[in-house]
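In what follows, structures are represented as structure tokens.
Two complexes, one shared chain (subunit A), two partners (subunit B, subunit C).
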Partner chain A sequence: MSELSQPRTDLAPVRRSSGLFGIDLASPRHASKLGYLLLAPAALLILAILVYPMLLAIDISFHDVKFATLSFGASEYTLANYQKLFSSPDFWKAIGVTAQLLVVVTSISMAVGMGTALLVNQQFRGRSFARMLIALPWAIPEVVAVVTWVWILDASFGVFNWLLIKAGLVGGPVSWFSQPGTAFSAVTMVMVWKGYPFISIMILAGLQSIPEEYYQAAKVDGANVFQRFFWITIPCIAPVLGVTLILTILWVFRDFSIIYVLTGGGPVGATETLAIMTYEEAFNFFRMGYASAIGVVTLLICAIISAFLVKKTSHAIY
Partner chain B sequence: MRKTTIAGAALGLLLATTSLAQAETLKFLTWQLTEDTYGPWWEAVIAKFEEAHPGDTVEATQIARQDFADTMMTQFAGGSPPDIVHLASFEYQPFAANGWLEDLGPWIDKAGLDLDGWAGQNLCTWEGSTRCINLQYFAYIMGVNTALLEEAGLEIPTGWDEFVAAARALTKDTDGDGITDVYGTGLHLASGNNYINDMLNFVLDAGGSWTTPEGKPAFDTPEMVAAIDHWATLIREGLVPADTTGGDARQLFVEGKVAMRIENPGLAGVIETSASEEMKPNLKLVPSPFDPPVGGASAVITMPSEIPDERKQKVWDFIAIATSPEMQELFSEVVGAPAPRPGSVTDAVLASTPEYGLVVEAMEKAAAAGVDRVPVGLETHYNELASIVREEIQRMIIENRTAEDTAATLQERVSALQ
Partner chain C sequence: MKRTLPQSILLYVTLVLVIAILLFPVYWMVITSLAPSNALRSFPPQFWPQNPQWQTYTNLIFNSDMPRWLMNSALVAVAATAISMLVSVLAAYSLSRYTMRGSEAVGLFILMSKMLPATMLIIPLFSIFRNLGLMGSLWSLVIAHATAIVPFATWMLKGYFDSIPQELEQAAQVDGCTPWGALFRVILPVAAPGLAATALYGFVLSWADYLYARTFLANAAGNWTANVGIATFKGEYQTDWNVIMAASLLAALPIMIAYLFLQRYLVGGLAAGAGK
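Presenting the complex of A and B:
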């Protein structure tokens, strides 16, 4: 009888760890508990830095306060802020401006981002350099970039007006930030310039994941370039497009620094979005309760748009 | 022997702990720490305080001016305000209205601080009690480019008619490319309350006022209509660069691209530090053409109401040093503008620069006329007032409205604020 075949009755019983609070986390029965335990620090951190301020803002929005403090329910609850908000023409104007900006900036940015992604997805000399150039606006800190644009678009001494006059496109200097139409155009232009690189990078990543065989098979079947684009490229990058669209919409919705540095929301409210209105009410006019109400409404609109788009894009994917 | 050593060590530890407990660090936030003029003065005040309070320190932090009110509001709202509270004179009111600032009356009485004749101090009275001490009061003067005036054959303007005539004559496209190269004057036309500070030049000169002495809006008076018309004339006729901030206008002035700029006395320092050597001889400071000149308190010092009493005592000691005759004289010397304490400008300081007398004269003129940038009755709505005025003037220009219509709209909107 070999040593190995001897009965193991003489071996000491295996000691099992008593684990945390007597629970053996290594046991398959408790495996999910270990998962929750490992996730707990991150979840608690998110609760602390995201959910708590959000709850605080919702609480403040139901109080008629100018200066807010960190104590929940310190004064009487009221709907006054929401009543004032929904009867304010400024609020509805800000909704309108935000919606216009959302449609114009998102559509132009998506088009430019798609175009540049398709361009740098081709094989050509200097492709890496072209990719770097396209990504450049995204890499520059937002406020630095916008201050530079303020100088470029300066009505009296800006280089943009000089170029337009020299090219004979305008008769005299354009006061970009003094007229509602030109101010909106300036904001749109800078937002597109700042926003399209992100879209381009995302779409480029999507394009590179499309197997070449799909295109080869389509060519064999006689599909032209447009057919290949609409029947192979678009469906294959639809998931990426969906996520990018949601992120771009949310970025336009909440962007503050570009508009604030360029126009401060003016002239006569032509570029005053909900984000600008929230800041003005909170930190310029010191009406924290009212500003929180605008913030809560903005949050709800963003949540509805996101939920709608997520549903739509998930249908498109699957 | 061993017991004695242990007891000695314990006593030493106790003393050291007690000493550490008494030593305190006072938090102080300001936007002036890195400025060439105010920075050295604050450093001197801090050094003097630390010398008088061995072990105590002042932790001074620089905050950008544009972020200052937000930062202070966040700190007060979060329950951790700085110990030494430094605020702009036009933004302390909401803090006082919220009950966050100490009533300094008892401290002033106890210390025997005489505030009679203290420039701009009336602004610190909030609902019958003293909530701050004014640290700066100044009045506007005018910077002129004498070379441009001489070239156009013009004298230094001394009233609205001469001013606008000079602005028209000085605004030029020198190289004929269709772009104006030199503007008659420069204004703050961007957002922020400097918009109404600059506009106040024209309001006061026309005999108007934002509010009545009782604090009611006074926008629909003939004087205000005239002031709005004067302001809009400069913009409509393109006599000022569009969309500039006060800082931009000041920079364009030292570069020779704006011929006249009405400003606070800080303009002297900017000429000194920013103008080229070729440009400096052309840039001269003269009295404001408008009467009375814009004047006003600029920054105040105070303390929070919700800090322990022993800490309040130390903060008061700091305030007492900052407002002492010695430090007020130093202020007048290093800042280049008179400190608010009467008699703080010595003869030596007065003779130190050719402009000093001009600055003192403007300050006395504005103070005598009871001028302050913050309108009575609208103290807590100052920022909103600036926003409304700017928006309605923009609407007036864009939609080609009359000054009368704009004045009526302003009266209605500002009345609604109250």
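Presenting the complex of A and C:
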């Protein structure tokens, strides 16, 4: 605590020594002391609640830890979890499901998000109200949203089936959660619905930063609406698109609640992603070591994807 | 840019259509919550309640565990947000204003920690909380939620602080403020919209959590949060969809109201934080 008074006593000599403003915040000696002090609480907290648990998870993944023996220190280091994992068909299936979901959900929700953003970026009366409305699903807790969707998709009395029948798209009610294909579609639909508002918000912010003059100049040069979109809009919002894409991918990759409450990973593993598999192994089958190994692999894939995309998108920026 | 009348009509029709489709689930939640139980087992469904039942809500509020669960959600979200904001504001300010050895690494790690899968983190946290005797306690959630809020809030706030000119606190210091005084009396008031947006985001993260709440509070029904309660409804009262939807709306309402008031700042904040 004595350090708290440090910056003040520190200030006097700095004030005398520097020029225009009497103080120089960029002075390294002064800067670092207060800087470290301000950073310390967050750094300590992150060490305690993120770094230590993460290392612990990696450690657990190298032990044969069952639920009852969560005191894993006793057992020996082993690669058994990883060996078992890589030879498990369930694991490879979960990788496949995760990859499929990633591609489908990310591309559809980016498209819907982009379309919505372009729409509410137009000049019209009630624009801010429309912007508020389209982002509303973002404010609904995942579980609440999912439970609502379960009701909408209900096989017997769900309104979605009724609308489909009315539109002549299906002959009779569809039991959405009992077949692999329809269950996957249901997960996709709900994830897109929950994910697009964030994407729209981000893209909209990007769109607003594009100077109107660019479009006017392009129009004078005779560029049509598509040319303007691909040669002005897309390059201008490329950095925002890149960040949004990374965040969306990571979200789909790690999401637990939507799939778990909607389908529980079923039927027959059709919607079992790595995140669901990790949780099931840990808290339904109590194989903590094995589950941690899946978690570590998930983390590595996340890290590789985002490192790759950060590189790609920063290339797009400069 | 001037639009012709047909273009305007097309724009508004598209808008109404898109918003109607995207917000249909919210509409359906409200309609279902007001419908009498027998109306829910009719096919075709009723798109407008013939005689709205407010009783579903009064029952939930006066004769169920829902108020208690909502209170638990609120307690956890307020505590997790407050603690996280306190450390994040200081860290973000530090990362924004000072160049220190290691500060880049800290910034990078904060960003990286957003990648940690919660389903992986939950295993060591489970072990730690069990050893600390925090299982079933709301504090376990406060800590677990901080793991998500602190990195995000620090990242977002750094974006805000970066956009505030350094001359502001330099001027304050010339006028006799200490660096602390400059931060608390000059910078934080200027950054107030950013702070509000970040705090709201933290609150939403905590309020929306299901994974941690379900795992750490599984055997402590009295300490359940609203989301855990609602998820059990899903299995328990499979047919009482009006009750489930009313409970769902009660759980979504606090966030939706906060969102309506703060969405302008929130949108700016998300973009500022992520656009960097």
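The working rule: the second predicted complex is superposed on the first by the 278 of 318 C-alpha atoms of A that agree within 3 Å, B and C clash if a C-alpha of one lies under 4 Å from a C-alpha of the other, contacts with A are read in each partner's own complex, and residues count from 1 in each chain.
In this section, contacts are C-beta pairs under 8 Å (C-beta built on N, C-alpha and C of every residue); 3 or more make two chains touch, one makes a residue touch a chain.
Computed from a predicted model, the values in this text were never measured in an experiment.
Clashing of subunit B with subunit C is the outcome of superposition onto subunit A. Shared-chain residue A:157: touches subunit B and subunit C both. In the superposition on chain A, contact is made by A:34 with subunit C only, not with subunit B.
By the document's definition of touching, of the two partners only subunit B reaches A:264; subunit C does not.
In the superposition on chain A, A:201 contacts subunit C only, with no contact to subunit B.
Of the two partner chains, subunit B is the only one touched by A:178; subunit C is not. By the touch criterion defined above, A:253 reaches subunit C but does not reach subunit B. Contacts of A:283 after superposition: both subunit B and subunit C are touched.
Comparing subunit B with subunit C, the partner in contact with more residues of subunit A is C.
When the shared chain is aligned, no partner comes close enough to touch A:235: not subunit B, not subunit C. Taking chain A as the common frame, subunit C overlaps subunit B at a single listed stretch, which among 129-137, 147-155, 183-191 or 201-209 is 129-137. Shared interface residues of subunit A (contacting subunit B in one complex, subunit C in the other): 70, 154, 156-157, 162, 283, 288. Those residues of subunit A whose C-beta lies close enough to touch subunit C in the complex are 7-8, 11, 21-23, 25-26, 28, 31-32, 34-39, 41-43, 45-46, 49-54, 56-57, 60, 70, 115-116, 119-120, 122-124, 128, 130-145, 147-152, 154, 156-157, 159, 162, 166, 193, 196, 198, 201-202, 204-206, 239-240, 243-244, 247, 250, 253-254, 256-257, 260-261, 274-276, 278-279, 282-283, 288, 291-292, 294-296, 298-299, 302-303, 306.
Partner subunit B is touched in their complex by these residues of subunit A: 66-70, 154-157, 161-162, 165, 171-173, 175-180, 264-269, 280, 283-286, 288. On the side of subunit C, the complex with subunit A involves touching residues 1, 8, 11-12, 14-15, 18-19, 22-23, 25-26, 28-29, 32, 40-45, 86-88, 90-91, 93-95, 97-101, 103, 106, 109-110, 112-128, 130, 143-144, 146-147, 150-151, 154, 166, 169-171, 173-174, 178-180, 204, 207-208, 210-211, 215, 226-227, 230-231, 233-234, 241, 244-245, 248, 251-252, 255-256, 258-260, 263-264, 267-268, 270-271, 274-275. Across the complex, subunit B meets subunit A through its residues 69-70, 73, 76-79, 94, 97-98, 100, 177-180, 183, 190-191, 241-244, 252, 257, 380-381, 383-384, 387, 390-391, 394-395, 397-398.
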